[in-house]
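Two complexes follow with chain A in common, the first pairing it with chain B and the second with chain C.
Right, the complex of A and B next:
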């Protein structure tokens, strides 16, 4: 490996270099952004203004602001003007509180056509900041494959042509880590961002962010998965971003009041130590514990979200994966994360594809991947899930979108919408893991039916209708995407609030804005439209805040204080909200309250909504999901929950005596679609938006985001 | 190896141990920078609890940076060069015997030097085989 990388490095050709004064992080900020344009190889430093910090805070907020200024409403994802912005946020990089090393990535998405944000672990964001940069803003396109290298100790940045290193991430991360580390011990100080060949060949490319795992002796990969940012990355001909910074300590983030942070961190470390083993077992199995819970509550997507459970789901349960995960290692994706959910399978021998026969360390498997690639495709084989997870990651394709699009393809195949001729011989029936694996390789390598599948559900719907004569009503009802983004892996049919949680989300149906199914469906805590609207106001705002600050959502409510159930609002986990207020104030020296925390998010959230509007979306019609998000599309779906649906119709006063299933589906649909519209009305009112879902002038003024171009844009919609 | 052992019932709360410890570790006389802590029991005035590391080593595997290690003499030590000050070890210590101070990036931890036992006037702490 070492000799190899020496040769590879010799083949680099320097295109540009900038030397810079090393910065110092003060109260969570370095007050500078590193701007790079790959068209003309510009490298320059830009100031981070007080206004940016006051209004956009950092992370996703900074990304949205830079991108807003970089693109017009006409800009497409593959135009050179499009940017990739990476920023962690003021809290990002503290070592004392679990889940505080996230990077937020923002770009125009190839699959949605509008702005996308993705939250990812690994060391890049914090090491970038400690190297002197609050954000990295990359514009332009290179002619040949390049890397950007940031040396945060010696103070220089280079753009280099890099022809020889691998594109696939498990190799790229290993090669660049070895290339830039001075020694084995030094590898932990190098972080790599890379994509993979699949990011070139699909529209659902992802970015892998590495962190060096000292115990396993390999770089591990965490994914900025959603929305195809990896595809933008490869379109810009970026092979890798590499940062090196040696010297992370407990005060490198320059906190104003470190004691506040330490105290909050110790409270949480102790909770995790005492309670994780009896709550979610994140330290043992990560998010894999969710599979059996979702199956038990009929929420696990099975066979393209038709059903919510399956007798074979037990084969994908956490106890099964536990046997594959290496146990007892500190699996945090940034220093200080005692939740340690980043599980891995070591020495996994691959059975297929270009790396067949090799033994690899797989960052696998998280709930979304297990549910999406497994249950949703009717495949209940853990080794298939691990292998598919490996290839999705190293090819650089999003495993959530892959799961959902594969499930859609399989249902279309089973219903005769597509056939073997169209799939090039692949028998894509539910449960056919060989065909599914082959399709992943086709997507990764850009051939066969993989070239169609890799374009995502929305484009496939169009192709199936226009080229293969599919019934547009049916494919639109069963293709699980909103705004062009494939749905993440929860069945929302029986929870109106979660239908809103998915379909109203700014970037598309990802559950990072709101996950309200238990509050709504199981615990029945939000019965009225106003209750649901309040939940769909509070939780998206609260959860947006993690992305402004470089934080992970999981330590908020995947561990709860022992007495959380006795608080006024257990769903908010009030003690942890207090921790977040404390660590924000501890870092920045400000004195915000929990209400101001929400206000910080509200500014950015509304700005992102308006950004969608700028790109030609962002109104009510883009918030309406396919019917399968809301209820049963097909006879089989209705029948699988006939008792529930019959009961609901009777309670609503429908006369169902002697009615056929088709008639009952129609009645239920009429009711549920109307309910969803009423939900939108209530949520828009609560958020201060017009009935068409556009923030009002009053709202943007109140929030202080009434910039002239914002006012001009939304004025047309008032 | 010999570690600090305790007989809390003999402790008079004078705090000499804490002063001695901080002097050895950080060259200051500051109980808040000591790796041994004396705490008066809330329910019983004049009675004390003593918190000090027993070098059980449970902190070693929880460390992300391999900064916790067992030294040749058996003592569990912190390698300051590797430590990033996350304090998971402090939060996960089964005996609450590791400490923090905002001026010090690393956890404050007993090195089994015995300095505290040498200044204890009552014999409440003493060195003995682990």
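Right, the complex of A and C next:
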């Protein structure tokens, strides 16, 4: 490896270099960002203004602000004007509180056509900041494959042509880490961002962010998966971003009051130590614990979200995966995270594809991947899931979108909408793991039916209708995307609030804005439209805040204090909210309250909604999901929950005596679609938006985001 | 008849909180059980006897996937 990387490095051609004075982080900020344009190889420093910090805070907020100013309403994802912005946020990089090393990535998405944000672990964001930069903003396109290298100790940035290193991420991360580290120990000071060949060949490309695992001796990979940012990355001909910074310490983030952070951290570390083993077992199995829970509550997507459980789901349970996950290793994706949920399978021998026969370390498998690639495709084989997870990651394709689009393809195949002739011989029936694996390879390598599948569900719907004569009503009902983004892996049919949680989300149906199914469907805590609207106000605002600050959501509510259930609002986990207020104030020296925390998010959230409007979306009609988000589309689906649906219709006063299943589906649909519209009305009112879902002038003024171009834009919709 | 999360459930003599959780397939660990407004400690689920007419709330805490 060492000799190889020396030769690879010799082949680099320097295109540009900027030397800079080392920065110092003060109260969570370096107060400057790094701008790079790959068209003309510009490298320059930009100041962070007080307005940026006050209104956009950092992380996703900084990304949205830079992108807003970089693009017009006409800009497409593959125009040179599009940017990729990476920023952690003021809290990102502290080592005293679990889950404080996230990077937020923002760009125009190839699949939605509007702004997308994705959050990811690994060391890049914090090391970038400690190297002197609050954000990295990349615009333009290179002619040949390049890397951007940031040396945070010697103070220089280079753009270099890099022709010889691998594109696939498990190799790229290994090669660039070895290339820039002085020793094995030094590898932990190098962080790499890369994509993979599949990011070039599909629209669902992801970015892998590395951190070096000293115990295993390999770089681990965490994914900024949603929305195709990896596709933008490869379109710009970026092979990798590499940052090197040596010297991370407990106070490198320059906190104003370290004691506040330490005290909050100690409280949470104690909870994790004492309670994780009796709560979610994140330290043992990570998010894989959710599989059996979702199955028990009829929420696990099975066969393209038709059903919510399956007898074979036990084969994908956390106890099964625990046998594959190496236990007892420090699996945090940033220093100081005692939750340590980034599980990995070591020495996994690949059975297929270009790396067949090789033994690899797989960052696998999280709940979303297990549910999406496994249950949702009717495949209940853990080794298939691990292998598919490996290839999705190294090819640089989003495993959530892959699971959902694969499930859609399989249902279309089973219903005769597509056939072997169209799939090039692949028998894409539910449960056919060999065909599914082959389709992943086709997507990754850009051939066969993989070229169609890799365009995502929305484009496939159009192709199936226009070229293969599919019934548009049916494919639109069963293709699980909103705004062009494939749905993440929860069945929302029986929770109106979660239908809103998915379809009203700014970026599309990802559950990181709101996951309300237990509150709504199980606990029945939010029965009225107003209750649901309040939840759909509070939780998206609260959760947006993590992305402004470089924080992981999991330590908020995947562990809870022993007495949390006795508090007034257990769903909010009040003690942890207090921790977040403390650590924000401890880092920045400010004195915000929990109400101001929500206000910080509300500004950025509304700004993102208006960004959608700028790009030609952002109104009510883009918030309407396909019917399968709301209820049963087919006879089989209705019959699988007939008792529940019949009961609901009777309670609503429908006369179902002697009615066919098709007639009952129609009645239920009429009711549920109407309920969804009423939910939108209530949510828009609560958020201070017009009936068409546009923030009102009064709202943007109140929030202080009434910039002239914002006011001009929304004025047309008042 | 008892109420569990606002829905009716047939009451059976000798029924415990644990029986209710099993019957409803409430397997999630982060729950708080409240019977007639009073929290039942976790270590009493197997022994806490319910009475006919009881109002049981099983509050699932997780609000985020």
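Following the convention adopted for this analysis, the second predicted complex is superposed on the first by the 718 of 718 C-alpha atoms of A that agree within 3 Å, B and C clash if a C-alpha of one lies under 4 Å from a C-alpha of the other, contacts with A are read in each partner's own complex, and residues count from 1 in each chain.
Just so we're on the same page, a residue touches a chain if its C-beta (ideal position, glycine included) is under 8 Å from a C-beta of that chain, and two chains touch if they have at least 3 such contacts.
This is a predicted model, so every value here is computed, not measured.
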First, second, both or neither for A:363, with chain B first and chain C second: neither
Which of chain B and chain C A:582 touches, first, second, both or neither: neither
First, second, both or neither for A:553, with chain B first and chain C second: second
Partner with the higher number of touched chain A residues, chain C or chain B: C
Partner chain in contact with A:330 - chain B first, chain C second, else both or neither: first
Touching partner for A:290 - first (chain B), second (chain C), both, neither: second
First (chain B), second (chain C), both or neither touched by A:265: first
Touched partner set for A:564, first chain B, second chain C, both or neither: second
Contacts of A:525 with chain B and chain C, given as first, second, both or neither: second
Footprint of chain C on chain A - complex, ascending: 278-280, 290, 292-293, 296-297, 367, 488, 490, 511, 514-519, 522-525, 539, 543, 553, 556-558, 560, 564-566, 570-573
Chain A residues touching chain B - in the complex, by the definition given at the top: 95-96, 188, 214-215, 248-251, 257-259, 262, 265-266, 268-270, 272-273, 328-330, 332, 335-338
Complex contact set, residues of chain C against chain A: 5-7, 25-32, 39, 57-65
Of chain B, residues touching chain A in the complex: 61-66, 84-88, 90-92, 100, 102, 105-106
